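Each chain gets a letter, A, B, C and D, in the order it is written, and its residues are counted from 1.
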Amino acid sequence: MAEEFEPKIVAFLCKWCSSAGSDLAGVSRMQYPPNVVPITVMCSGSVSPLYILSAFNKGADGVLVSGCHPGDCHYIKGNYYARRRIALVKELMEYIGLEPDRFQMSWVSAAEGIKYTKIIKDFVNILKPLGPQTNLRRSQ
Amino acid sequence: MKKRTGVFVCHCGINIAGTVDVKKVADKLGKHKAVAHSEDYVYMCSDPGQNLITNAIKEHKLDSIVVSCCSPTLHEKTFQNAAKAGGINEFQSEIANIREQCSWVHKDKEKATIKAEKITRSAVERVNKNESLEPISFPVTRRAMVIGAGIAGIQAALDMANTGYEVVLVEKNPSIGGHMIQLSETFPTLDCSQCILSPKMVEVSKHENIKLLTYSEVQEISGYVGNFNVKIKKNPTFVDPDKCTLCDECTKVCPVLTSDEFDLGLTGRRAIYMPFPQAIPATYTLDDKHCPGLLPIACGKCADVCDPGAIDYDMKPEIIEEEVGAIVIATGFDLYEKEEMGEYGSGKYPDVLDGLQFERLCSASGPTQGEVLRPSDHKVPKEVVFIQCSGSRDPEQHCAYCSKICCMYTAKHAMLYKHHVPDGQAYIFYIDIRSGGKGYEEFVQRAVEEDGVVYLRGKVSKIFEYNGKIRVWGVDTLAGKDIEIDADMVVLAQAMRPSKDADKLAKLLKISIDKDGFLQEAHPKLRPVESVTAGMFLAGAAQAPKDIPEAVAQASGAAAKALAILSQENLFHSPQVAKSIPNLCTGCGMCVDVCPYDALSLKNGKVEVNEVLCEGCGTCSATCLRAAIEVKNITPYQIYEMINASLGG
Amino acid sequence: MEKILTKKSFPNWIAKLATVQIYAPVVKDDLWSYEVVDAAGITTEYTNAIQSPKKIIFPQRELFLEFSHNDNGSPEIRELLPEDKESIIFGIRPCDAKGVSHMDKVFGGDFEDSYYWKRRNQVTLVGVGCNTPPSPNCFCTSVDGSPFSHEGLDVLLTDMGDNYYVQTFTKKGDKLVNMSKGLFAAPKPKEKADLESLHKDAETKLPRHLKDTKKIPPKLKGLFDSEIWDDESMSCIRCGICTYLCPTCHCFDISDEITSHSPLEGKRVRTWDNCQFPDFTMHSSGHNPRPDKASRLRQRIMHKFQYFVEIYNNYQCVGCGRCISKCPVGIDIIQVLEKVRDHV
Amino acid sequence: MVNLDDLKKEALNLLKDEKVKYIIGYTEGSNGTSAAPAFIKNPEDTDKLVWNPGCFHNLTRFLRDEKKRKAREKHPDERPVGIVVKGCDSRAINVLLQEKYIKRDDVFILGVSCESTGVIDEKKVAKKLKGKKAQKIEWDTNRNLVVTTEDGTTKIPADEVLAERCVECPVHSPVVYDIFFGDKIKRTTDAQFKSVEKIENLSQKEKWDFWKKQFDKCIRCYACRSVCPMCYCDECVVDTISFAVTADTTAEEKAQRIKWIEKSPTPSETFIYHIIRAIHLAGRCIDCGECERVCPLDIPIRFLNKKLEKEAKSLFDYEVGFDPDQLSLVSSFKDEDPEDFIR
């Protein structure tokens, strides 16, 4: 029996909003698939494009970067820099022919446990039909 | 060097153990090359749980621990203390959140267990590269500075001075008092503004802990929280206040007449003047922009009549240096210029006033001794139109924001007008009435019910002079008809703007301003009195439009925040801050540009971190193209290993 | 042996050879390169490929072994030798074949490199001589080569117009001819004479020359500290084109590539390395014995024209001209060598 | 027209008056159409300077070497270096100034206008010449390339041989210089991103196939990196060992070098190398096209950088290399930066 493909997702969550939002999802006992492993960083502004590429290189099928809503950044403006930087990464990945859906960015506040849950659920649903990510994966 | 890490997996009763096979997680992690000991326990955060960790550290000679439990927001500190109790550095402790981010959100035990393993392994990888750090400690200069001596600045200065700390109060005008001292009465109680403010002003001038620097401006600032060095330029008043006896002989002989700032141009003053009778400091100022005597041998009349010889034409600007530990910025507001309002005659009609001018007209100490008279012909106006939102809430042409206080003061103006001219009629054009506040709604109702003020919902499209009156064209959107009023006087509730040059000061202080030019608070909800820069606090209308009680409340809040710094001999700061790698740095300065805290600077072509200012956000490290800067204990190398751990097995 | 193969019969012979994998020059987007082809894709009309067929025998990445951690934490290791697969490189130029013979010396001798030889022994080199120089920077005759040199070759084809003159030099070569004996005829004396004059004629067509090459190795001995290297390397940008395209350069690095961290899995690989890269000689102490591009250019020249000559009595340069044609800034090894030779 | 004699004279005077240390310019190359970089120290060598359609090199790349050399010297010569720049190259100078890599006083800029043409694409010319070797190439006044071979001269219309980046170039003449040669011609292009659009119009799979085919050719010679004036980092993510080592560096620090990518030219590693390089050049690349020109395997690397140049312009209204005082693309933001891709 062929097992259903379970995508591996790495989620870079900022400590103050998105990680707190995922905590809220937990406290509220919301349910979402266990495909995502969170890595809490201080700020979405600290997520280097290298982290994203490295996650794909090490076998991630999807990568999520999540930070505070604009104006809410604990560090005032880190998420604005992230937004610009990640827009460029996203454009480039699409241009190179990588499936653009494999890489997502979101704003999740500490109060948005529901949103976080939905994002993860949707992400898993999007990734499942895409199958394993092999383009950037180090395998040979 | 390989570490000896201890892994402690918490059951949290069944909160974790219900969905995660905690024994399996402990077993699996026990095989990790860097893990010297692993175990699980029912409640790690309980006293026995903490003791178990402390004892395991000693028994197994652990040098670092990972606790797999609930969110670090709950027990990070608990386990850091347990680590300390075990004799290792608190930064050798990491939390793996397997409850909120795992057991509580999944049902499939097998998959949740695998995920918990990954999360824990990721924390092990991280703690393996953690440095032992000690909190950064630095001494505090235990005095404060307040910039701006309006009601907010005065309140903040008094609050701090009364707790025993020295305060330097800097005001750019010759007298303190700000805009509040110009007001006649205040809403919603209609008590006299000067009566309630002047005692505070006197208290400031007499306070042994307050050093008052009027007619002074901040010129340069360096240092950081706890240790600012501020250079202030004190402009020359050309009058020695110690010698001046306030005899007022000088103004009688002064040949120059110029417009009076305090009365907003409704009267005139001499080149040598006292801003207003209650001015603090109570002394004269010679206005060098208008005095001819400062030109060689042009005039010397005031000096001639000054018996005590208080006038000194050779007085020079003075640079005063002050060391302070905290700064409160209360630079207040200015009104949006009438000249900006093209649709309302661009300020060219003398009987179209702004709110502050109307305050002066109503004031007992004002140009008309409290009689409401038209500036043009000194007649009593029988019909007055008040226009709210003049410049506010108009993103297309003027200011996008609501100036917040205009609804209330316009109601007050209409009321005061009626008290002065009982047979007059007041009309108010408004968009909405925003009267949230204690006693505010009742106040507006009083204006309508007791004083017969006519509220017209709608905008005024045009005003112009017509037959010696001011014709106002507007629309009443509730009645759905056009309105035409031939008024004797029009009062514009001009938008509040940050005070002139506040942007320059903000730049000097390296704090940010928002899109409207008001000073930016550190967090819109949770840190409303703190600026982005540690040790600098915001009070009053400089941060956003607000009324007197709000300004006072924020001032006391800012004072309390500043006192929290001053009350300590040493400040401590998280050592999890940026660290530069000078060998890789090329000095491009991109990190310096992105740092929200001005913690970075270039020195000899390399970046330097001011550890006291750095908050450890890491934006610098993602911006750097050369990996020349990173945040301690969450370095790219650690993230790299965490990514690897997250994607294993 | 020496044979004649008519061009008409050529496809038949190729079809016979195609029982094993054949690498031959193919053109993609105006670039010639050696790829696995089917019989129909083979031609003898081509300019020189950007990369020599060195990459087939000495691939840029060679897997050495696979490693993993089993459940008890002990390592498991498995050797990964190149697969058993015979192949032919068809259409290798004499200069490139000579490059292979140089590499044979490096990877042979007292210590045989099993990975290299596994591939080398399974490949037969069928050369096509150069009636006209395939590159505007050919100078093989200046470094003891020729457009019809057979050093390193198993078979050499010379285009005689209607026929190919086929010469074999090894048993492997003989085998290829013997596979289709019927297609080949014995050469007539006239054809032998024509071959000789054609070969001589081809040598006169070479576009580039370096005179007195013999004087260079002894001259180099005194030039280690010369300013000549600074001057000649001024425009070098420290890329690796000259070395990676060279048919004789053979330096490599060995590293472990991790494919999974938990459980640990990975491979040990050999990859090409390049003396023009600053990290080639970088010590972990931070000391770099060749800290600048001058010292790296010196290394490249000295290795090719002094050290290799001292050890193997050959120039480690076959005159293919690739490094000249492809240098982004026009550094010309012939001009550099002339300056060395004429240095006083 | 650019008068070469003026350029030579100016160079001669600069060297004679000892105003510059040396001059980085172009000289005749040994390779047919291509000029070669020249480093001229002696006044008498200024006669070797050339200016022709084969002067494609971006000489600002050599300011890297100059900076390193200067850092090694105990008593460095503080005079500027004379440098010949085209329009595109001059923008590189602005970026280097913006990033404080050089100071304005470090260079004396001899700006040369590309006027109505630019530089050639060697491969296009070689195709036209069908194996013949050019002895001399120059532009005539009617936008033709005049090529002299052993068979005499032929004229080829500029548009058939111009490098693609020159066709897409928005500047044509230096934006920063000390002396200007040639005519300041205002030329606009409506096709600044044509090459990018070609790829953008492909389907996702076609895009991947295109790049896969290209990157499969990559032999990781790093010529693209080495020729780039912006790739001046002392240590690159692809380097195998840390260069940032001093006597104080501990073994632990050395061990903490991250191997983001492997040396092996396997698809995943090669892709990541090129993606990282493109990202690192976002808002910094001035489209001199050198990375693409030097690639021995003809990988159109320029298309990557050009894509990000396009996005910087369209998403963030950011243009590179015109203002040395502007904040970098990724060290600045606007409140209204697009975020429609964010959930």
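Basically, a residue touches a chain if its C-beta (ideal position, glycine included) is under 8 Å from a C-beta of that chain, and two chains touch if they have at least 3 such contacts.
These figures come from a predicted structure and were not determined experimentally.
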item	value
Touching chain C and also chain D, the following chains	A, B
Between the pairs B-D and A-C, the one where more C-beta pairs touch	B-D
Intercentroid distance (Cα basis), chain C paired with chain A, Å	47
Computed distance of Cα centres, chain C from chain B, in Å	71
Whole-Å separation of chain centres (CA-atom averages), chain A against chain D	36
Residues of chain C whose C-beta touches two or more other chains	257, 260-261
Contacts with two or more other chains, residues of chain A listed in rising order	49-50, 54, 58-59, 77, 81, 85, 138-139
Residues within chain B bordering two or more other chains	594, 623, 636, 640, 644, 647
Topology of the chain contact graph, where touching chains are joined (line, ring, star, complete, other)	complete
Footprint of chain C on chain D - complex, ascending	29-32, 34-39, 57, 61-62, 65, 68, 123, 127, 133, 217, 219-223, 225-227, 239-241, 243, 245-247, 249, 254, 262-266, 290, 293-294, 296-298
Chain C to chain B touching residues, read off their complex	73, 258, 260-263
Touching residues on chain C, where the partner in the complex is chain D	29-31, 50-51, 60-61, 136-137, 234-235, 237-241, 244-245, 253, 255, 257, 269, 271-274, 277-279, 282, 284-286, 288, 292-293, 324-330, 332, 335
Complex contacts: residues of chain A adjacent to chain C	58-59, 138-139
Contact set on chain D toward chain A in their complex	196, 199-200, 202, 204-212, 237, 260-262, 266-269, 271-272, 275-276, 278-279, 282, 304, 307-308, 311-312, 315-316, 329-333, 335, 337-339, 341-343
